[in-house]
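Please go over the structures that come below.
Next, two complexes with chain A in common: one pairs it with chain B, the other with chain C.
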Partner chain A sequence: MIATRTSRPPLWRDVRVLKWAFQLAVLVAAVALVYVLVINVNRNSERLNIPTDFGYLDNPSQFPIPDSDFRQTQPVRDAVGQGLINTVRVSVAGMVLATILGTLVGVARLSTNWLVRSAATAFVETIRNIPLLLIVIFSYGSLAITTFPRIDEAWEPGGVAILSNRGVYVPALEEAPPFLGVVAVALLAAWAVSRWRREVADRTGTPSHGGLLATATAAAVLIAGWFAVGAAFDVPVLEGRIASGGLRISPELFAIGFALVIYTASHIAEIVRGSIQAVASGQGEAAWALALSPIHRLRDVILPQAFRIAIPPLGNQYLNLTKNSTLGAVVSYYELAQVTSISVGNGAPAVPAYLLTLGIFLVLSLVISALVNVANRRAAVVTR
Partner chain B sequence: MTPARIWLRRNLFRTRFDSAVTVAVGLLVAYTLFRLVRFVLVTGRWEVVRVNLKLLLVGRYPNVHLPRVAVALVVAAAVGGVVAGMVRRHQAAAGTAEHRSQGLGRRAAGLLGRFWPVLVGIGLLLGLSGTAGPWLTAVGFIGAAVAGRIAGEHLPARLDPLLILVALATPFGLVAYVADGAGWEDWGGVLLNVFLALASMVLCFPLGVLAALGRRSTLPIVRGLSTIYIELLRGMPLFVLLLMANVALGFFVPPDLSPGKVVRAIVVFTLFTGAYLAEIVRGGLQSLPPGQEEAAKALGMSPVSTTFLIVLPQALRNVIPAQVGQLISLFKDTTLAGAAMGLFDLLDVGQVITRQGDFAGQRLTPEAYAFVALLFWLGSYTMSRESQRIERKLGVGER
Partner chain C sequence: MGRIRTFAALGAATALLLGACTGDDDDASDTTEQAGGGTDTTAASGGEPAADDTLAAVQNAGVVRCGTRDDLPGFATLDASGEYVGFDSDFCRVIAAAVLGDADAVEMVALETDDRFTALQSGEIDVLVRNTTWTATRDGTEGATFLMPTFYDGQGMMVASDSGITDLDGLAGQVVCVAGGTTTEGNVATEFTRLGLAAPEVLSFESVDLLQQAFEEDRCDGWSSDRSQLTGLRSAFPAGPEALTILEEVFSKEPLAPAVRDGDAAWAQAVEWAIAVTILAEELGVDSTNVQEQLASTDPNVGRLLGVAVDGAVLDPGLGLAPDFALQVITQVGNYGEIYDRNITPLGLERGLNDLWTNGGLIYAPPYR
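Moving on to the complex of A and B:
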């Protein structure tokens, strides 16, 4: 009979022990690194007599923020809040505009028209390969404040907007909150109609005309609401050198917004193009074979599937756009990075101030990722 | 119909709507091109670039030591050529090389198609410079690249280990050689951007690979720490990290160890790009069929040699295009170091030259920015084209 050894190997050759010993060593090293960093911060701050807590948030900020109600007597806490608002404002507007422009350019890159295709390719390949910071600085220094005319010779395209080197003025909605309610009702009605038509089409097989009817419904609700609420556009007026009314976009906001939109759009265009090409070619051919019209082929067969593929990379672009909005600091747009660096210049302790800013961006990133994940889960193909 | 008319019909005037679009876009394109050509040839005042060319290329690097930069460029071209030739020889031996039945003219045309942005860049710089130095450097650069390529193909195979060692040591040797003339804290212009990008890429590579392996590890603590590092750095804006490194990095180290600005920038770029690279490498690891690892295990290979000889070589090869994309991003992002830390990088030089001396107040920013943009564009575009070529060659996604 052969003797079988049932005893465990010695400790230094036992895989389970080795694994845990290795992990323990890694953990100790990581904790030691963090510990050394914290000790150093404390020691250096004490030596230079700089606080390491967040008490500076209650001190007066000593700087005003242009285009806001923020005054220099208010505490740093409120300045950070206003900076966050400005960051979110430019990021959200940038996401919407960049998605629209990017989708147009992405579809144009696949056009059968040679000129459209080439122009879209040239746009993408030019913008994508230039540093964003250069586009930001150019939009500010060479476009927003030198190419745009002085206020007394401002361009007034169609008499509804004013372009000048003191800012861009666009029409704004008067009585905005009630009218936004009307817009929401219109969207809901359109959604309900398109759903009802789709259901009828699924049941009876007749054409749904969902898009047409939904648009008509929305238009009807909007027009009715327009008169009911009595909304009107507040068109900016230029009198001599003073513009009044409308919504003012400062040159700084214009520069960072414009740069973010065209830069991100050039990346989104590539995502859109790649996603459309990634839809299995049999899908489009099957749509031809079923004699669907080109519009139906694109809208009902190809784009829904391309959209599914595009969601994760689009989410990455939205994250990048939000983080890139910090470049607004370079042109003195008062978003979070600018507010932080001005506060630090005015005596706020650097380590807590920057850690706070990084923390806020971390939370913003998590929120965007969570939203993208929700969208992704809803669009995913249901499998077993 | 003649072929030309058929082409026009198919590509520009398919339908009535298509024709209208063609006319509208055509007018827009024509106007843009007209403005562009007029700016480059007529209205552009390029004196500001010509006078400050040296500042744009190497910053305040001392003139007496400029030959060091030239020598470094020529050596780098020679070594790069030898490596390319070596790769070609291996492909020929393995039977994976492209056919070379095409004539010399075809090959020249192919090379021109691949490297025309580089040639345009060299031509432009030579046209702008008024001295002999750049001409000598350019001739040496192209000559060394071609000679290295030919030599690399015909060197005996037993020299390969030595060649690889030399190729790996060259960047360090060249940096030391150029830094011997003036320390890198005094570098500027293109030289600084390229140095920041290459140094950070070299340093972040091991970091990214380790973090990717850690995130896929079965050990919970290692996985957790890697995940925390990757997700933390990916959620933070690079610009704020650089701002923080500029004023607050000194707090995290003992006072007498406080690093210079260039080192601070490299630390931030390395940590930041390492996190992104880790996710790219993780994608490559996930793309491998599990059979590869199982087969290595069945052959009795240890986990370490499985990882380094079987898994990583294939995983890294599968994601070469994404890695090049990250390198391009890094190259463009080096401009942030100028704005956040006051380093004298290419974009910063471009801004400074329009404000100094005779050029102040003349609104020369479009000229300066156009030149800076062109240099970045030439570099990024060449890299992205080469990565697409590698992608096609490897046939990633086609198997």
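Moving on to the complex of A and C:
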């Protein structure tokens, strides 16, 4: 029997071995780096008697937060919670408004009307190229506190709202939960009615008037429910220089919200424009050929296909918006970064406090990415 | 062969980059480690980290890195030629004159309020002289040791003169703005609770510019900060100092003191005595104009202070400083009264609590003997 040697190269030249060895080496180096950094921080903190655990969360926070029930005697963990609520509040509102504005501007950039097209281009090119910090400072110093009059001369349109440079107060619902139940019932009833009418229309061929009847049903339920649960409006009142009641949008919230919305919208406009142009031109031409009006062509044919393409970059912009909300600290909007910064100023140890904030933002970002991925999967073209 | 060359180049570049990043830290920690090992061998052999020896490190480096700021008139601000002027800036120079014999051998590091303790803890600065209040929590959790206060301050409230507000009652439920990163928000809330007033809305800004704009636009009714800061800011207010009134209420104790890192007794003592000699000089009537004549004084206290031989011996208290360090401080910077008059008196703030103990104030230094 002839012994044949396989033509394996020696170990140090074998590609498969080298591949694994290199990956292992990189992994060990990365872990070692992190380990060294953590050990260094811990050793130095111990040497200087700086606490490295999260015990500071139980200490009283010693600072109040506006627009909330938070009092300074509550522990720091409650302050962090309130900061998180404020971050989510401005981020969610910002995402919705930025998408709407961005889509409108993006479509406007492709308009055949020269004025509309130029205005949209000017908006995108200006806002996109200014650093967000400057936009935030401008929208506070030159917009939020100067647009509306000072509290002594505040406008009170209809006696139900207060507009001043200390905040915009609008009537709000008192005791929201019972009325929210009524709203849910109304929506359910409207949906049921529209389904029933559609079935009738399919069966008999008579016009369904589904939208009309559904709206009427919802309105009826809402009005009946309003009186049934005894809901009332909380109207803001102005006594001297102090306004209270109602729903308040503070100038700080307005400044950071406005800046985030127009900045992110300028980016979303470019994404939407690009994704519309990426839709095969045959689709638009076919829509013309079917004599669809421009609105229907856009809404029913082009945009649905464009959004499929736009979802991943849109998700990216949502992540950016959430992280950019930390600039609220510059204008004293009490979101998470501001709360952390004030806690550290009041004696909380810096490393654990900022680690906690990082962790919370990481979780927020992962949640947003997960939702965007779900939307992406559902919108994806199903291929056999 | 091409791929190996690429990898080698990448590896060399990475090594260079990492080397550059960590190079400075290694040098600094080496010198402090060696100095620490020399003076405290028991600790080193016991396995504990050697105590910091900033005094030796500073004397080796020939420069004191002083953490300060550049935006508070009267305490630390930049003049037209880019030099730091102010009460705290002068005390930085006092420390440099005492430790190194040269008041200009100081590197001023302008810090934001949020970063001041981090800069001290990390070793970026040697001493923090930045109108910082001495509190128990900061002693305990910031890794800092506070020294003799240089300025006894208190938190106060400033309002527009035409607002009609004359005391804190007028601010109940109103809006108060503060500069963030300090204990000011907490003090405001605590004081209003203590007085049983409706809690105000407290806004906390990172920069004084935005705060000033908000105050001018009547977004805020009150501006709260240390009274010395308020005096400085009022003097620089665009509409003129008469447009603002500082209310009489003082609602917290704010002793402003320099700070050094924990666990560095030699450096702490050196800085403390550098400050003390300015106070002692004013007590003894020695200032920068008459210090040369005072060298021949018959008062043994003056002689000891200035490092002149008294009864045949020059006093060396073993602080690690030159015997004539007080002479250098007084000649190059001045005594406490001169520093105060140069920087704080133009703002209109009386000596008050910051007068010598012989005049009813709180400024008192231990005897130099």
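Please note the rule applied: the second predicted complex is superposed on the first by the 293 of 384 C-alpha atoms of A that agree within 3 Å, B and C clash if a C-alpha of one lies under 4 Å from a C-alpha of the other, contacts with A are read in each partner's own complex, and residues count from 1 in each chain.
In this section, contacts are C-beta pairs under 8 Å (C-beta built on N, C-alpha and C of every residue); 3 or more make two chains touch, one makes a residue touch a chain.
Computed from a predicted structure; not experimentally measured.
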State whether A:A30 touches chain B only (first), chain C only (second), both chains, or neither. first
Where does A:R47 make contact in the superposed view: on chain B (first), on chain C (second), on both, or on neither? both
For chain A, which side has the bigger count of touched residues, chain B or chain C? B
Counting only touches as set out at the top, which of chain B and chain C does A:L180 meet: first, second, both, neither? neither
Of the two partner chains, chain B (first) and chain C (second), which one does A:K19 touch, if any: first, second, both, or neither? first
Quick check on the superposed pair: does A:N129 touch chain B, chain C, both, or neither? Answer first, second, both or neither. first
Figure out whether A:Y354 sits in contact with chain B (first) or chain C (second), or with both, or with neither. first
Tell me which partner A:A329 touches in the superposition: chain B (first), chain C (second), both or neither. both
Check whether A:V344 is in contact with chain B, with chain C, with both or with neither, and answer first, second, both or neither. both
Please work out whether A:A119 is in contact with chain B alone, chain C alone, both, or neither, and reply first, second, both or neither. first
Footprint overlap on chain A, comparing chain B with chain C: 43-45, 47, 137, 141, 146, 329-330, 341, 344, 350
Would you tell me which residues of chain A are touching chain C in their complex? 43-45, 47-51, 62-64, 66, 71-72, 137, 140-141, 145-146, 150-152, 165-166, 241-242, 251-252, 329-332, 338, 341-342, 344-347, 349-350
Seen from chain B, its contact residues with chain A in the complex are 10-12, 14, 18, 21-22, 25-26, 28-29, 219-222, 225, 232, 234-241, 243-244, 247-248, 250-255, 328, 332-333, 335-336, 339, 347, 351, 363, 365-366, 369, 372-373, 376-377, 380-381, 384
Once bound in the complex, which stretches of chain A touch chain B? 19, 22-24, 26-27, 30, 37, 40-41, 43-45, 47, 112-116, 119, 125-126, 128-134, 137-138, 141-142, 146, 319, 323-324, 326-327, 329-330, 336-337, 340-341, 344, 350-351, 354, 357-358, 361-362, 365-366
If you look only at chain C, which of its residues touch chain A in the complex? 49, 113-114, 117-118, 121-122, 135, 137-138, 140-143, 173-175, 177, 180-183, 185-186, 189-190, 193, 199, 201-207, 210, 213-214, 217-219, 221, 261-263
